[in-house]
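Order as written gives the chain letters A, B, C and D; numbering starts at 1 within each chain.
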C-alpha cells in the first residue's frame, strides 16, 4: 500500500535519529522542538490531505492498492503535468506554507527524463536504479526533500578552484561513493525520510567529481542538518494551525557520507549535469515559481480584501484598484504557468512531460517581481496595524483584552481583525518575499535560461521578411 | 465558392461607391488615395494569404468548395478558438499592421452566442437572421468591419440625456429601422464591404432605442466615413510593402440610414446589450488585446535585436537584459492569452466557445502597460537615430547618399540599418502605443470587467478556513 | 542646562513609573525588558550623540549654557530647516532604526505655526502655553513622543458616529480637561518622558470634542501603553548594538486622563485641526518620509554592496545595474527632500519654516514605493541566505561553527558575511517595508494632499496659451 | 548691443547661405521650407521673448547696453545656475518644443570650466580664445548650436579603429586645422549662426586627432546639413504657433572644413576630453534632461486635465489618480534638478558653477523612464481620439465640420477638444518619447556616470560601523 497516514509518516521519521542543529544546540525531537515542529506539522497535513477530503484524488495517482502519492509521480502526459501543477497551487492555498515534497517531485521528474535519455545513449543503469528507488519510495510513501544549491563561495571561481564549496565525490568504492560538501536552503529536509541531491549547475570536462546525483536517507552517518536562524510560528499566539509558518530550511552538511551505488543516479557524466539542472528548473519554475504562488496569492488577496471590509474601505476606488492589481498579478502568474503546461512536451519522446522552457521561466520572473508588488499592495491596504498590532495574548488577558476589543473593533469583529493582521504579517513583514525571489532559482538565472530558450533569429527574420529583405 | 481572391475583393469594394472624407475633401478612389490605400492594401494581402502560402490552412475553415474565411467563422471548440487566436498573432507578424477583419470576427461570435441564448429564451428570429447573414458573407467572402464605440459626449450622462452622442433607432418601419449617430475609431471600415454595428455598453430599461445591433453595406444611403487626420505610410520612402502603415481608422456617420429587418440583430432588448458587449470584449481582449500584440512583438524585438547587432552592442549586458525583458513581456502576453483559451467555455452550452473572462482581461491589461514598456526598451536600444535618421530618398540621391552610406555604415550595412530605423520608428514614435492602450477597450474598462469576473468570496473563505474560522 | 546625558535621560524615565503592557503582561523595567529595551537604548544613543562626537553640532541648537536639543527646536529659517532634515538623515544612518524624537519635533513645529496664526487671530493663549512648554522641555531635555493616529474604526463614519474610536475631551474642568480614547502606532512612546497628542485629521463644526491637542507626561494616571506583538532584536544573537531593532511602537490608551490647561494647545477650534495636521504632514513627510530613508538607504545599499563583494559578484553587470538602481532611488528621495527645503516658506510670515507641500508629499510617495523596490533589489543581491542563514550562536558553537566558517567563507570572511546577512535580514524580511509605506501617513493620504497642493488651472492655462487660446 | 531682435536674428541667418539637404533635395530658404521653418520660428520666438514680456529678465544677463542673452552666459554662482535651469523650464513651457540654444549654453559652460583648469595647468590659450569667442557671440547675439555625438559605427571599436566614424583633425596648418567627420542628432543647427563641436567621449593617448573642440560658422565651406526624415508641424492644420513642432535635428557633415586657431578650443589634449564631456553632461542632464521636461510636463498634464474635463471624467477616481501620478513624476524631476543645483559647486574653484554629478544624472534617469510613463498616462486619459481624431480642415469644411462639431461636442466645446487632441497627439504619438530617452545622453550613459559619482565605500563603512566592525 502506497499511501501512509500521518502516524506512519511520523513513525518512519522518528525511526531514523538525525544530527539536527539549531542555534548552536542539538534538536532532539523534531516533532516538538519549536525550530522544527512546524515543518513536521506541514508534512503531516500533506499526508492527511492525500488520504481524505476533497484534495485526495488530486494528490494521489492510481487507485486502490496501486495508489501512491502524486508527489512521487513522474508526469506521463500533458494532463498529468497539469495535475502536478494544480497540486502545487492547491497545497499552497491549503497550507499557507511550503508542502515540502514539491522539490523532490520535480527532481525525480528531471532525473527520470535525463536517465531515460542516458539509457537511450547506452547508459541504462541509472535509469534502472531510479525506477527501483521510485518503487521503494512509493511503496513506503517516503517524504523526500531535494536540493541543488551549493554554497558556491566566490562566484567567479569554478568548482575545481574551490572544491570545498561544492558537494563532491571524495572516494569511489566498489559498493558506492563517499561524498562531502553542503547544500544550502534545503526546504523541509528535517521533516523528510530521504534526501535527493543534484548538481547545482552545468559542469565541464575536468569537473567530474562534482557531477553527482544521489539519494540519501535521513540520519545517514556523516550527515547533519543546520537549521536557519529565524524559525517559529507567526501570529503572536493566535490559534493558527501548527503548520502555519514561513518555509522551513536548513543546510545539509555531508561529512564523508557513504552512498551505495543503488542510490547513485549520476556520477561523473558532466555533460548530463546541464540538462539535469535545466529540466529540473523547467519543472520547478512552473510548479513552485509559478503555480504555488497562485495559491498563496488567494490567501494574501483574501486577507487584504477581508481587512478592507472590516475597515469599511472595501468600496473605496483606490482599494478596489489595488485589489484588482493584485488579482491581475495573480492571474498573470496563473496564465504563464498554464501556458507552460499547454506548450509542454515529452522529453525524451515517450518520456516525462516537461513544461515549456520559455514560459516556465516567464512564470517565475513575473512571480519574482510581482510577489513583492502584491505584498506591498497588501501592506498598503492592511495599514500600519499589520505590524503594530498587539499580541493575541493581549486579546486573551485583562486589561489589555478590553483595549484590543475596543480599538480593533470596527464592525464589531476585533477578534477576526486581529487574526487577519497577524495572518498577513507573516507575508508582508516576513521571509516570503526573499523566498519567492530566490525560490526555484534567482531571477538572474531565470533570465539567462529564458534568453537561451528564445529563437532570436526567427524574430529578426520576421522583420526582414516584412521589410522586403533589406 | 467562399474564398475571394484579391481582385474579387477589390471589385466588390469598387462596386459600392461610398461617401468617404479626409481632411475636408472627398476621397474618390480608396485604392489609390494616400489616406486610404494602405488599409485597402492590407485587406488585399489578407485575401492573398488566405489562398496561398503557409498561412492559408490557418486562415480558412473547411475544404474545397465548402471552404470559407476563418474571419467569418464562429469558434465551435477550444481548438477552433485556439486557431482564431493563432490567426490574430500570425497576421500581425505577417502584416505589421491591423488585418482589419478581426473586430467583425469577434463581433459575429458575440452575436452568435447572444442570439443563440435569445433563441433559447424564445426569441429566435435574430439567430436565424444572423445565420442567414453569415451564409451570405461566407459565400461572397465579405470583408466586414465592426464597431461599438459611440462618441459618448459627457461621460457622466446616460445615453437618454444626450441621445445624439449614441447610435440609435430613430424610426421603426414595417420593412426595417432607420438609425442615426456615429461610431468612432472604426478600424478598416473604408476598406470593408459591410459594417457591423453593436451597442457600446450595457443599457437599462428606458434606453431601448440605443440597444441596436445591425449590419449595413458599404455606401448605404446616409452613411459617411470620416478618416482620421494623420494617415500615410512610414519609412520616408523606404520600399516597405504598401500595407505597412499604422492602423487605419475613421468615423462612421449615420445620417438616417435605413436597415432592413433581415440585417437587424438586436433592437430594443436592453438586457442583452450587456452580455453582447461583454462577450465581444472577452473575444477581442484575447485576440486583439493579447495575441495580435504577441505577433507585433516579434517585429519590434526582431528590429531592436537586429539594430543592436549592426551597432555591435548585441552582446552588451544591458542590451541583452533589455531584450530579455522585452521577450518576458511578449511571452507574458502569450501566456495569458493561451490560458484564456485553455479555460474557455462554450456559451451557451453547445454554442460558440469564448475565452475566460478574467484571463482575457488580464491579457489585455498586461499588453496595455507592457506595450509602452516594450517600445520604450526598443527606443533605448535603437538609439536617437530612430527619430533623427535621414530619409530613404537621401540614401538614393547624391551627395546625401554618400553621407548616409558613410555614417549609417556600421558593419557595412547602412541600407539595412536605415530601413530598420524607419521600420521601428513607426512603432516607437507613432500611433501604436495609444492604439494598444485603447484597442479592445481601455484599461479602466478591462479592470472593471476583471473585477466582476473574480470570485472574491472564495479568496476570503480560503483565509478564514486556514486561520481556523476566526 | 539643556543637554541631558544618557544617565539623566534614563533617570528621568525611571522616575515616572508607567502602565506598560506586552503580550498580556505588565512590563516592569523598560530599560531591561526585551520588549522595550531596544527603544530605550536607541533613545540613550541619541542623547549620547548630541553631547559628543561629530554629530553633536548638528543635533544641538545654541551654545554653552543656552544649548538645547535640535529635536526641541522649531526651524526659524531655511537653513534651520535644512539642518532639521539633515539630522533625520544622519540619525537614521547612525542608528539603523528610528531616533524616536522625530515625530514630536515635527509636531512642535506644526503646533508653533498654527498657534502663532491663532494668536494673530486673537487667540493667543495656546501660543503662550506652547512657548512655556518648549522652555520646560528644553531646560530638562525631555524625550517626547507624539501621535496623531486614532483607531478610526469604520472609515466610512465620521468621529461623531463612533466617538470611542477617537481621542476626545469627555470633560472640561476649570483646571483642565479629561480625555479618553487611544492613539495607535506610537513610535518610541515607552521610552519618552512626555507625549504630544494631536488630532488625526481635519474636523468640522459639531466635532469640537475631537479637536484637541495636548501634552501629557509619562505615567499620567489613566494612561497605559500596549506594546506591539513582535519585538526584540534581529541578528540571531549577533553582537549588534542594543538599539539595532525595528521601529518600536505601542498604543497609547487614555482612560480618562486629566490634562491641565497649561498643556492643552487646541481644544474645540475645529477649523485649525486641518492646518495642524497638514503642516505636521509637510514636516514629517520631508523629514521622516524622505530624509530618514536616505540615511537608511546607505545602510541597505552598503550591506548589499558588501555582500556582493564577498560573493565575488560586485563586478557582475546585473549586480552593478541593481546597485545603481538602488542609488537612483536613494538620490531621488534626497532630491525631492532637498527641493522641498529649497522651496520652503515661513508660515505664518515670520513664523516657523515649513517644507513645500507638493515636494514633501512627492518625497514621501517616492519613498513609499521605492523602499519596497530597494529592499527587493537588496534581497536579490543578498541571495537566499539572507533568510536561510544559521544563527550567530551556530557560529560560536561546535560543530556548527565549523560548518558556518566553512560554507560562509567566501573570501575567507565568513564572520562578516554572516553578520551582514543578519543585518540585512532585518530590512528585507522585517517590519521596515510596511513601516515605510505607512510612516508619515499612507500613500493615499499623500496623494490627496499632493492633489490639493497642485495648481491645476495654471497647467491648463499654459496649454491654452500655447495653442492660441482655442 | 547684445540683444538682437527677431529681424536681426533672421538677417544674420540669411546672410550665410548653407548647404542644407532634406529628402534628397537642397533646402533653399530655411525660413519658409516646411522641413526647416519650425526650427527657425522657434528660434525667432526665443529672441522675441528675451526682449519683451515676463520672461525677458530671466532670459538676459546684465542691463542696458551691457545686457546679453543668458544662453551665452556661463553661470558664476549657484543663483546664476538656478536661473539657467529656470530658463530651460520656462522656455519649454512657453514653446512646447526645443529652444535650440540650450545645448550650446551648456557646452560653453563646460568649455569655460575645462579651459580655465587647463589655464591653471599652464595652457592658457584655449581659455583666452573662448573668452574672445564669447565676447563676439554676445555682441552679435549669435544663435549657436552644439554637438557631441559622432556616428560611432561599431560600438566595440575605438575611434582609431574606425576613424571615419568620428570627427577628427585631418590637417594642422599654421593658421588653423582641417576637420572631417559628422555629428548626428544636431538640434536646431539649421537655424543657428554658429556651431560648437566637442568630442563625444573620453579619449586615450594615441587618439589625439579626435580630441578636438571648435566653433564653426553657418555655411562654412565643406560643411553640410542633412535634415531628419520626418519633419513638419503637427495638428492637421490647427492654428498652432509656427514653432509648435517636434524637436528639429540634422546631421552636420564636415568634409574638410577649415577652422582657424582662434576658434579651436581643444586640439589633441586627450586627457581633457573626458572632463569636457562629463561637465557638459552634468549641465545638460540637469537643464535639458531635467528642467526642460518639467516645463513640457505642465503642457502634457494641462492638456490631459483639460481633456478630462471636456469628457466629464475629471472627477473620476482613476483619472484623478493618474493625474496625480503625472504630477508626482513631474515634481520628482523638479526635485532632483533643484537638488542638483542646491549641491552645485564651482569647478575649478572660482570658475563656473556646475550641478552635482549624481543628482543631475538621477534627474535625467527619472525623466528618461518617467516621460514614457507620463505620456502613457496622458494617452490613457485622452482616449483613442488622440490618434483617430479628424483633421482641423475637417472642422473647417462641410459636411465634415457638421460631424466634428456634433461628435467632438461634449460640453459644447468641440473646437477646443479637437485642438487639445491634436496638441497632445504630438506628444503621445510622436518623437518626444525617444527624444527624451536619448536627449542629454542615453540612460545607460547616465547610469555609468552615476555609478562613478557615488561614494560606495562610505556606504559600506556606514554598515560596518553600525554592525560593530565585524
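The working rule: a residue touches a chain if its C-beta (ideal position, glycine included) is under 8 Å from a C-beta of that chain, and two chains touch if they have at least 3 such contacts.
Only a predicted model underlies this, so the values are computations on that prediction, with no experimental measurement involved.
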Of all other chains, the one whose Cα centre sits farthest from chain A: D
Winner on C-beta contact pairs when A-B is weighed against B-C: A-B
Centre-to-centre distance between chain D and chain B (centres being mean Cα positions), rounded to whole Å: 38
Distance from the mean Cα position of chain B to that of chain A, given in whole angstrom: 41
Chain B and chain C: spacing of chain centres that average the CA atoms, whole Å: 52
Shared interface positions of chain C, touching two or more other chains: 318, 321
Chain A - residues contacting chain B, complex: 93-96, 238-241, 244, 298-299, 301-303, 305-306, 309, 320-321, 323-324, 327-328, 331-332, 334-340, 342-343, 358-359, 362-363, 365-366, 415-416, 419-420, 423, 447, 450-451, 454, 456, 458-464, 466-468, 470
Chain C to chain A touching residues, read off their complex: 21-25, 149, 151-157, 164-165, 182, 184-185, 224, 226-230, 236-237, 246, 249-251, 253, 311-313, 316, 318, 369, 372-373, 375-376, 379-380, 382-394, 396-397, 399-400, 403-404, 406-411, 422, 425, 428-431, 433-435, 437-439, 442-444
Chain D residues within the chain A interface of the complex: 317-318, 321
